[in-house]
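Next come two complexes, and both contain subunit A; in the first it sits with subunit B, in the second with subunit C.
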Partner chain A sequence: MASPLSHALSSSQYILPPRALLRLQALAPRRRLRPQATAAAVSAAIQWNRKPQLAGETPRVVVVTSGKGGVGKTTTTANVGLSLARFGFAVVAVDADAGLRNLDLLLGLENRVNYTAIEVLNGDCRLDQALVRDRRCPSLELLCISKPRSKLPLGFGAKALTWVVDALRSRPSGSPHFILIDCPAGIDAGFITAIAPANEAVLVTTPDITALRDADRVTGLLECDGIRDIKMMVNRVRTDLMRGDDMMSVLDVQEMLGLALLGVIPEDSEVIKSTNRGYPLVLNKPPTIAGLAFEQAAWRLVEQDTMTAVMVEEAPRKKGFFSFFGG
Partner chain B sequence: MAISGDLKAFGTFASYHPKHPLRPALSSSKVQLGRFLNRGSNDLRITPKWPHMEPPSSGTAQNDHRCFGIGGSKLSSATISQDAEGFLLNAINMNFFDRLSLAWRILFPTRTARRKSNARIAKQRLKMILFSDRCAVSDEARQKIVRNIIESLSEFVEIESQDKVQLNVSTDPDLGMVYSVTVPVRRVKPEYQDSEEDYRGKITGITYKDTGETSETVDVTFDFFIPNEN
Partner chain C sequence: MTSTTKAFSFLPFQSIFPQVISIRDVKGWNLKTPQSFRLGSRWLGHTRGESRPLILVRASGDALDSSGDSERAGDGTPVEEEGNRLDLERKLGSLREMVNSLPPVVIVIKRNSGSKFAIALCVAFAFLVIATRQIMLKRKNHYQGSVADLVRRGQLRSDRRGISKPLKCDDPFHNPFIKFGKGDSRIEMFGKVYRLAPVTLTKEQQSVHQKRRSRAYQWKRPTIFLKEGDPIPPDVDPETVRWIPANHPFATTASDIDEDVAQHNVYQKHGVPFRVKAEHEALQRKLESLQSEQKLNEVALDLNNIRDFERPFKSSMKPQDLEPNSSANQQNGHLTLKSDEETGTSDSESLSDELKKY
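This part shows the complex of A and B:
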């Protein structure tokens, strides 16, 4: 199991090794000198058993937003949420789109959603009945807001969502470690509702100019609302286009938006396939590069870490016979 | 053997004064740097690009040093000679084809097509659009800014006409968003004016045409202030 993972790690240039690997390399020569290493350092020696250490206060309410639609918010929420659950944290994923709902499709749980948050607010059911627990990964729970065949649910506003989050925090089975809120596209009432209870934000964007403009606008709105901790995730990255200088590089994106980078996800056809199957990407064995990138982003989210973008080397120009003539 | 050649400089922003013993040359911010060397049969025309001096033949190494040794400026000539040295050492180690390709590239430099790439165009457009999106000031804010500036400046100067004050928003590649307010001023208010008596006898604008290091004469122009008696 280690070999495909390490092979995939070494073959992709965006994915930095997780901190455990780096710490392992740094610790290895020093272990003999300091046998009384701290517990964290000793447990870092075996990478696969190590869990990321949770930073920040529980529960961590993170809103996954982007502004522009179709950049991968729901995919990110599903995959990062599932990665967090596999690390062992209790995660509740909330689909805050009050009209159209997609998160259940991505997680493959669409048949099991019976109750939604609207019914909880009306008093028709309990909160734990509305939470759908994933059988493949029991730490993840899904909460939807809208009922598929009902009329447009009006009246689900910021206060309602804040109430739901507080109810989750103070539920008898214990507060979850993470509450991921999947924000709807746009910057209107749905967006305002979704960001109301959040303390942190993950801004998903793609390296094209339309998404970046919208992401910038959303950053401004988030900061107005009081969310200062905004991290960026660049999705659908095509390194071949970046090498040919047809797509803006991640360095450019970081420079333009000025946000800390949480993760870089390469464009992967596995995303579409896994959506169609209802089997989230990160559960694939062997892991795909996008799945690995999601896992590492989840790791960084837990530890409140960020990554630095690396520059893609230009493809070496093919030297023809007359190359020394400047061709 | 004396070096008979004149040191003409063409190239970009050379900041040193090429001091030829026979002809003092004035330097400006854009100086032309080039070298013609007539030395027997070695007729070389070298077109170096600042700061990479790339004479394609190693035979004139000594001449390079000596020529630049004449110029007595501090850092620039030292770096040129070092660059030339380092380059020549590399050039000696190259084989014939590498040197040939290097010579070709020097004599016929390829036009860089990288400016036109899609990513750069996108980045440029994005920069423009982000700046204008981020700093769009409302009209009301503009009026207030102008009014406040007029108020604060009126304390020190007399403004020509309040209608001519303009607020311009522009982008600068280094500074980013730049707000500039143009204020036509009639004159400074009397209590803030510089007293002319302070300037009596003051010498300004000193320029040296010849500092006398080599020729033992000094050629200098300067301005001498005498306040108007009116």
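This part shows the complex of A and C:
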């Protein structure tokens, strides 16, 4: 079996720039890496200033779920969706939470939602009229299921969402590359509605035991429903607490759930600020740490890749006497 | 002794440029004609090293000296001239004092020759910073036409244009904020230091977890939603029933939507939406019916007007004659009214003609 380090090096889709990858190769034993190092070096060289290569059949219908509320599903949907749109892919983000709609708030589009899927079903408007295009990034569109205070016939919800996805696939302007469905919390009718048309799932969790238990249950339900491509995104990671052994590490989380890692998002106060502004994190310049992590997760989602190494915080190295001179 | 003072000002100053100083009628020198001599820079150069090189300057001449007076402009005010002379002397004295204070500074500078180097270095650094800033600003403010904004907004493709930069997506894996250590797997990012820890999950471990979950969670997707308290239909699997509380704020089991119509609405790509069209048609029908009702009312009003005209005609006839015919008239009137209603026309003239017969 290849050593973990060589396994990490064999995948080029991590946070390291290519120079770091090449230096890590120098550390690893050469014999094992020789056939793989060339591939890693080549792919690392290609990675500079390129667009991610879309894998899988379009449209890729991805449901973002968690089970537990408040772990960052809507934030993940907004930021990953906008990152995908910035990469040049056509994205439709669907807020499948019928009663507690929030995705429009995070995207800053709350004043532009005039029609929802309920109006489409009733015949008050067409589907293209209910889609709200983001002016900052025109390839991103938002569709809300219903307005607050309106009741959705739940026996009908799963069918309705399936028709909507099918109609988007066959629309005259072309099928979108990605349809991201923001799932409501819980495992009730809203969850069933949201997962109905999905082919793959992104499970958002935080490194605490309550969220992990709910995430495990949701994973079981998704697998029972036939969704096998499930990737995990660990949100609100506090590396300082992990260093002090007060929070489970990302590897511990992975050991508990047994799911491939799509991304690790560190705790960032900019998340709250971006929510207040209606300006997703990934648009910040200079980029924030969480924004970078979201972009990388979006890249991996496009290429159907997963993380092969995680970053563990260490204490900063103490500078010696000669550090002033570069020692 | 003449009242005039021989104003010999010894001005210890250094001058670079040659000066022309006229010396006029200096007594004691027995010079009757103005003479000028030049103070060459050469002489000054020789005298520069000296602490006090002197240059003789003569103020204007003797009042009693008629020869000197004759060369003047001829204002003839010796008192004023003396006053001017005194002012000039004062000014020269102050200038002399100022100049006397200069040498010590020069000497200090000469002593601290090392600071010259520092000063020169600072000046050179300042020039370098200014020049660099100018270059950076020039690069930043490279003017692009407004068509580049169209490319940026996605209205025009950038690859067909030679003048604008193509859109670049930032590579999140190559970011200047991430710094990696030399010789080890350390990464510095946003002020913190990290190291890489490889993921240890294998395919076997993944399949073990999947088996565990399939044993723990036996779940069937619900196909029917019932209100709490409703009976389960006989042919429905109880495990596929999802119960909805009766007072759920956002969910309902009642479905007023026709499924076929709803599906058609979702797949509609062009034209007016179904409900809007239906409402529009309903409104049109209502409008048409209102218009037809209005027309009927207008017809009824016209017939009433005709009856009004009939009254004076009827009043001229005898009441005995009118009585047997009144019923007939009424009948005839009704008949004609009915025919008018059917045809939708009102012919008051034909009615009046018919009525005239009777």
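Here, the second predicted complex is superposed on the first by the 253 of 327 C-alpha atoms of A that agree within 3 Å, B and C clash if a C-alpha of one lies under 4 Å from a C-alpha of the other, contacts with A are read in each partner's own complex, and residues count from 1 in each chain.
Note that a residue touches a chain if its C-beta (ideal position, glycine included) is under 8 Å from a C-beta of that chain, and two chains touch if they have at least 3 such contacts.
Predicted model only: the values in this text are computed from it and were never measured.
J.: Does subunit B (first) or subunit C (second) touch A:171, or do both, or does neither?
T.: second
J.: If you count the residues of subunit A that each partner touches, which comes out higher, subunit B or subunit C?
T.: Looking at subunit B versus subunit C, the one contacting more residues of subunit A is C.
J.: In the overlaid three-chain picture, which partner chain does A:209 touch, first (subunit B) or second (subunit C), both, or neither?
T.: In the superposed model, A:209 contacts subunit B only, not subunit C.
J.: Mind working out whether A:245 is in touch with subunit B, subunit C, both or neither, as first, second, both or neither?
T.: In the superposed model, A:245 contacts subunit B only, not subunit C.
J.: Could you tell me if A:217 is touching subunit B, subunit C, both of them or neither one (first, second, both, neither)?
T.: both
J.: Under the contact definition given at the top, report the residues of subunit A touching subunit B in one complex and subunit C in the other.
T.: In subunit A, positions 216-217, 220 sit in both the subunit B and subunit C interfaces.
J.: Along subunit B, where are the residues that touch subunit A in the complex?
T.: Answer in residue numbers: 97, 100-101, 104-105, 108, 110, 114, 117-120, 122-123, 125-127, 129-130, 133-134.
J.: Which residues of subunit C touch subunit A in their complex?
T.: 154, 168-175, 177-178, 180, 182-187, 189-190, 192-201, 205-206, 208-210, 213-214, 216-222, 224-225, 242, 244, 248-257, 259, 261-263, 265-271, 273-278
J.: Enumerate the contact residues on subunit A facing subunit B in the complex.
T.: Residues 208-209, 212-213, 216-217, 220, 242, 245-249, 252, 256, 323-326 of subunit A touch subunit B in their complex.
J.: What residues of subunit A sit close enough to touch subunit C in their complex?
T.: Listed in rising order, the residues of subunit A that touch subunit C are 4-5, 7-8, 13-20, 23-24, 27, 47-51, 86-88, 98-99, 120-129, 138, 146, 150-156, 159-160, 163-164, 166-167, 170-172, 188-189, 192, 216-217, 219-221, 223-225, 239, 251, 254-255, 257-261, 286-287, 289, 292, 295-296, 299, 306-317.
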